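So that we are looking at the same thing, I have put the structure below in structure tokens.
Lettered A, B, C and D in written order, each chain numbered from 1.
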Amino acid sequence: MKRVAVFTSGGDAPGMNACIRAVVRGAVYHGVEVFGIRRGYNGMINGDIFPMTSHSVSNIVQRGGTILKSARSKEFMTPEGRKKAYDQLMSHGIEGLIAVGGNGTFTGALKFFEEYQIPTVGAPGTIDNDLYGTDYTIGYDTAVNTALEAIDKIRDTADSHDRVFFIEVMGRDSGYIAIQSGIAGGAELVMVPEVLTPIPEVVETLKQGWSRSKSSSIIIVAEGDVEGNAVVLAEQIREQVGVDIDMRVTTLGHIQRGGVPTAYDRILASRLGLGALEGLLEGQKNVMAGIVNNELIYTPFIDTIKLPKPINEDLLRMVRILSV
Amino acid sequence: MKRVAVFTSGGDAPGMNACIRAVVRGAVYHGVEVFGIRRGYNGMINGDIFPMTSHSVSNIVQRGGTILKSARSKEFMTPEGRKKAYDQLMSHGIEGLIAVGGNGTFTGALKFFEEYQIPTVGAPGTIDNDLYGTDYTIGYDTAVNTALEAIDKIRDTADSHDRVFFIEVMGRDSGYIAIQSGIAGGAELVMVPEVLTPIPEVVETLKQGWSRSKSSSIIIVAEGDVEGNAVVLAEQIREQVGVDIDMRVTTLGHIQRGGVPTAYDRILASRLGLGALEGLLEGQKNVMAGIVNNELIYTPFIDTIKLPKPINEDLLRMVRILSV
Amino acid sequence: MKRVAVFTSGGDAPGMNACIRAVVRGAVYHGVEVFGIRRGYNGMINGDIFPMTSHSVSNIVQRGGTILKSARSKEFMTPEGRKKAYDQLMSHGIEGLIAVGGNGTFTGALKFFEEYQIPTVGAPGTIDNDLYGTDYTIGYDTAVNTALEAIDKIRDTADSHDRVFFIEVMGRDSGYIAIQSGIAGGAELVMVPEVLTPIPEVVETLKQGWSRSKSSSIIIVAEGDVEGNAVVLAEQIREQVGVDIDMRVTTLGHIQRGGVPTAYDRILASRLGLGALEGLLEGQKNVMAGIVNNELIYTPFIDTIKLPKPINEDLLRMVRILSV
Amino acid sequence: MKRVAVFTSGGDAPGMNACIRAVVRGAVYHGVEVFGIRRGYNGMINGDIFPMTSHSVSNIVQRGGTILKSARSKEFMTPEGRKKAYDQLMSHGIEGLIAVGGNGTFTGALKFFEEYQIPTVGAPGTIDNDLYGTDYTIGYDTAVNTALEAIDKIRDTADSHDRVFFIEVMGRDSGYIAIQSGIAGGAELVMVPEVLTPIPEVVETLKQGWSRSKSSSIIIVAEGDVEGNAVVLAEQIREQVGVDIDMRVTTLGHIQRGGVPTAYDRILASRLGLGALEGLLEGQKNVMAGIVNNELIYTPFIDTIKLPKPINEDLLRMVRILSV
């Protein structure tokens, strides 16, 4: 393989730039030409493709977002779109792809391979950590630390005013960010999509805390909790508590996607970018590079898409113990 | 005066602990006994009053929130409440008060003095910076930097996805946080309560940016902007823009109240805490200590409550120039 | 076992407080009485031992340092010292110990057990990550991120002035902090005690960088690098480079020990604190709780003390590739 | 004036990029062509001069360092160097200059004007805050906060081990960083070049602290303190204390120059950059733009170079009171 291209797709995640850098520098090291594609599959379709050198990725390892920009592409879901993308890649002589993104990205790559036999190796770039085939995804550690910093700040106010705070963190289908930021932030309770937390149990936990004269409480709610989002939850709980408490809701929102990546994310992204590139050069295709138990492994896209990634129930048990 | 007490009241603000520390250490230095009152006027009413020493305020200069806790007191608005408060102060032999808070706090202190002649000197503790009589209030610099860090993170995502972001910051009646975080964050537009920004002007600004191929835009909206909050605004603008743009809204919320205070806030809080105490000892009463043009001054509560604090229109002009 | 005690010993590390909290809350949860011992073995000797409750560890999960204080104890190395310590423990009815520290701490515990049969379970608290039996030690992730933030700042200056910077990080016998902060910080070279980097190779790397028009370079040096510390190294290299370059040396020093712990460290510390306590209650003794491949395991003290923990040579290879 | 150029010179300071951005955007707004010069006077001599547009300064407001790079120029101190610089400026049609730097920079500009009548307006870019004619210099607020974060981390260790720490901060001729970071960091003592602190007084302060059972102490020492640097000082004090204390020294070093600028520095830099540009366009020359008492003023270079900027002795008094 003499010429490869790299792109980022789906929601941006801190560490994507470190990953791009590792792909590009790895290619230079191995004597392979490397191109960048802007705005994911859209750029592939539109030919927004350009050669990259070692200099192209200078001084980006510490930046949030992605210098290649990202987008979700409706056109790539159509046969016409994929045809255009293929023609563009051919006109640039590109023989293999590195895709940094999540399940949507990998689903597209798989479809594309079936039709045009362009091999892709993926790197897991998403803050949600909900991809099977890697212990951590790129951006997750930074997102957890961003959520944690916010929780630390909010606790100052909760303590000063003896308040109950419901803090909604990201995670539509996954409680990973919620559970880690909750344990680290000393939350009284963490509510995640994977496990039902009945509202009476929440009420009971709050009441027990007050009986031990805890004056403030923090409850972390994952975006996609089945009981409803944080605002709805707080309202239901207020009704059932039956006493007048000072209860506030805050939704952390988009700040969780950005920011300077942590050391962990930069190193993970570097390992996975280099691993994806070297996998591609060694003949891997339609697999995602991941780190499981500190080892680099490749998991077929079909598994990362289909297989669930269960959360660690030990950690949920720990929330309960640590808030006694 | 041989015995004074300090309390925090209203919304908590980073730097309040540095202020309490300066009051307490200042009192020790001047050989005056000093007490702390918990939860503002509520603690005064309930007798939650305790002696403080130099050790009581060790290792708190860097902490957000307030170790004395804060609350808004309905009972202090009644004559019965104030009578109880007076009796409690008398039973502890307290001759003067240091109140760290905002206009509600100072209004209460003034009423209290009229009835019971207990002198209070105030220190301006509020993140909103909307108090006449001081260039900066305690907590404002930290709140601006917290908002700014959030804006920096969101810009990563805005740039990566070519989006328009509306970011709502605190400031019900005041655009101070909005304008400073907006200039520092490189916002395209800042919308504040003090100055009407007609929606067509917003639309025009966005269109001009696109015509100069700006791919992303950040618009900062103060909570209390007359045109409505950020969600409502974004909806109206989306309709008037008439093209399909990727527009998001995020509300920073309570994170702006907490956090480790900046150097500026710790020094300001220290100067004002010491200044309030020394003012009280020298016979000042019903005044707020403030820093104007780097000088410590005392402004009558009645003026801090009644007089408006205009925002610097030069700064609004600057937003416009810097986003060309 | 009805009564246990926890202490911290050796150099302090961020996350020690989260670990203490997990021990205490875990004990409360399991219905076991728990005591704190101040200043490590010194406090054991002097009887600085006090009962702890759930409240004792409120609001400490986010604090650096250790609320139990730490010290190195010469007296505990003597039979007389250990006798006093034993008597103190007996007088408080303490049947088992949780020791948060490093190899010196565990060596002491082992000796103590031989003489007095008091069982100890350890938790690895040291920023250096040089303990066999756990993938990460408590405080390591925070120390790496602290070093990284410093490197990010210094790179601003290095780039602005086209300079070569030698940055010395902690790690007397171990290159863990150096290698992780070096990769994450985009360093051109990382020099560690475990692997000799000949000076001519450093000179060559710098020259190659200049030939590719890299204007600035960052070289990370672990404290204990065999070639000498950063100041000495820089001097030798300056002589051998033979051209006039703007070269600076900075030693990060003690800032690496403190600070608010990262999410990773708080969770790790919580898991290990709880794991150490539950191990002790289940009859473990003279072992250290660790996390290897995401699983909690117990390793005999004798192994943590004697067995080397090799650094990942893949990571050293990666530094080279990523700086092309 | 139809064409101006901007450059940065001397040590880099956080906020320089925000200043460059304000100059460039201001020029675009006022319909004036604007050029950038790289590496200060060296780039002027070598013709490293290029046109800048609004896009050239996108997304730099938050970055430390300077995109125009900086250098100290020996050649510009010679008549030949200045002749070359003049010729280069003429060949690009540049009629006026904006210089972001300190006294060395302004001295050069003054000499240059005498010989070639090219008007320069300066903006104060130095972390030391030692320039007459402005209350704050660009970079100072960030440097103080960086020093403060380091002090906060070190205090964790000082408290955990009952240690005395001497922390050396930047400031060769000026105690500004020392005094502000010292007050904000809760230091027991601050030693500055402007005021002699006799060593016996330091010893006395430490002893008094111990007598009040302060277990740890932080002493901030400005680089240029007349008594010698922190290492020397600590040694002398250790001898005079006469008891065995655990005393450590740490030098913060170059981290104080870099980093993401604070809100204050970005706004200050924006105001001064725009103010310098508008001053130049209105006919100002050989003056530095500054903010004094919240007002933009212009001070002749000759005054900024010759007049001393005294530190606020009230702040030194405050250190003493706050550490009782």
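Going forward, contacts are C-beta pairs under 8 Å (C-beta built on N, C-alpha and C of every residue); 3 or more make two chains touch, one makes a residue touch a chain.
To keep track of the chains, here are their UniProt names: A, B, C, D = ATP-dependent 6-phosphofructokinase.
These figures come from a predicted structure and were not determined experimentally.
Separation of chain B from chain C in touch steps, taking the shortest path, is 2. Each chain gets a centre from the mean of its Cα atoms; the one farthest from the centre of chain C is B. Rounded to whole angstrom, the centroid-to-centroid distance between chain A and chain C, based on C-alpha atoms, equals 28 Å. Centre-to-centre, using mean CA coordinates, chain A is 35 Å away from chain B. Work out the mean CA point of chain A and of chain D, and you get 39 Å between them.
Among all residues of chain B, those that touch two or more other chains are 152, 155, 159. According to the touch criterion at the top of this document, the contacting chain pairs are A-B, A-C, B-D, C-D.
The touching residues of chain A, when paired with chain B in their complex, are 8, 12, 14, 39, 63-66, 69-71, 146, 150, 152-157, 159-162, 165, 248, 250-255, 257-259. Of all the residues in chain C, the ones that touch chain A in their complex are 18, 21-22, 25-26, 28-29, 54-55, 58-59, 61-62, 135, 141, 144-145, 148, 152, 155, 159, 180-181, 183-186, 212-214, 260, 262-264, 266-267, 270-271, 274, 293-294, 315, 318, 321-324.
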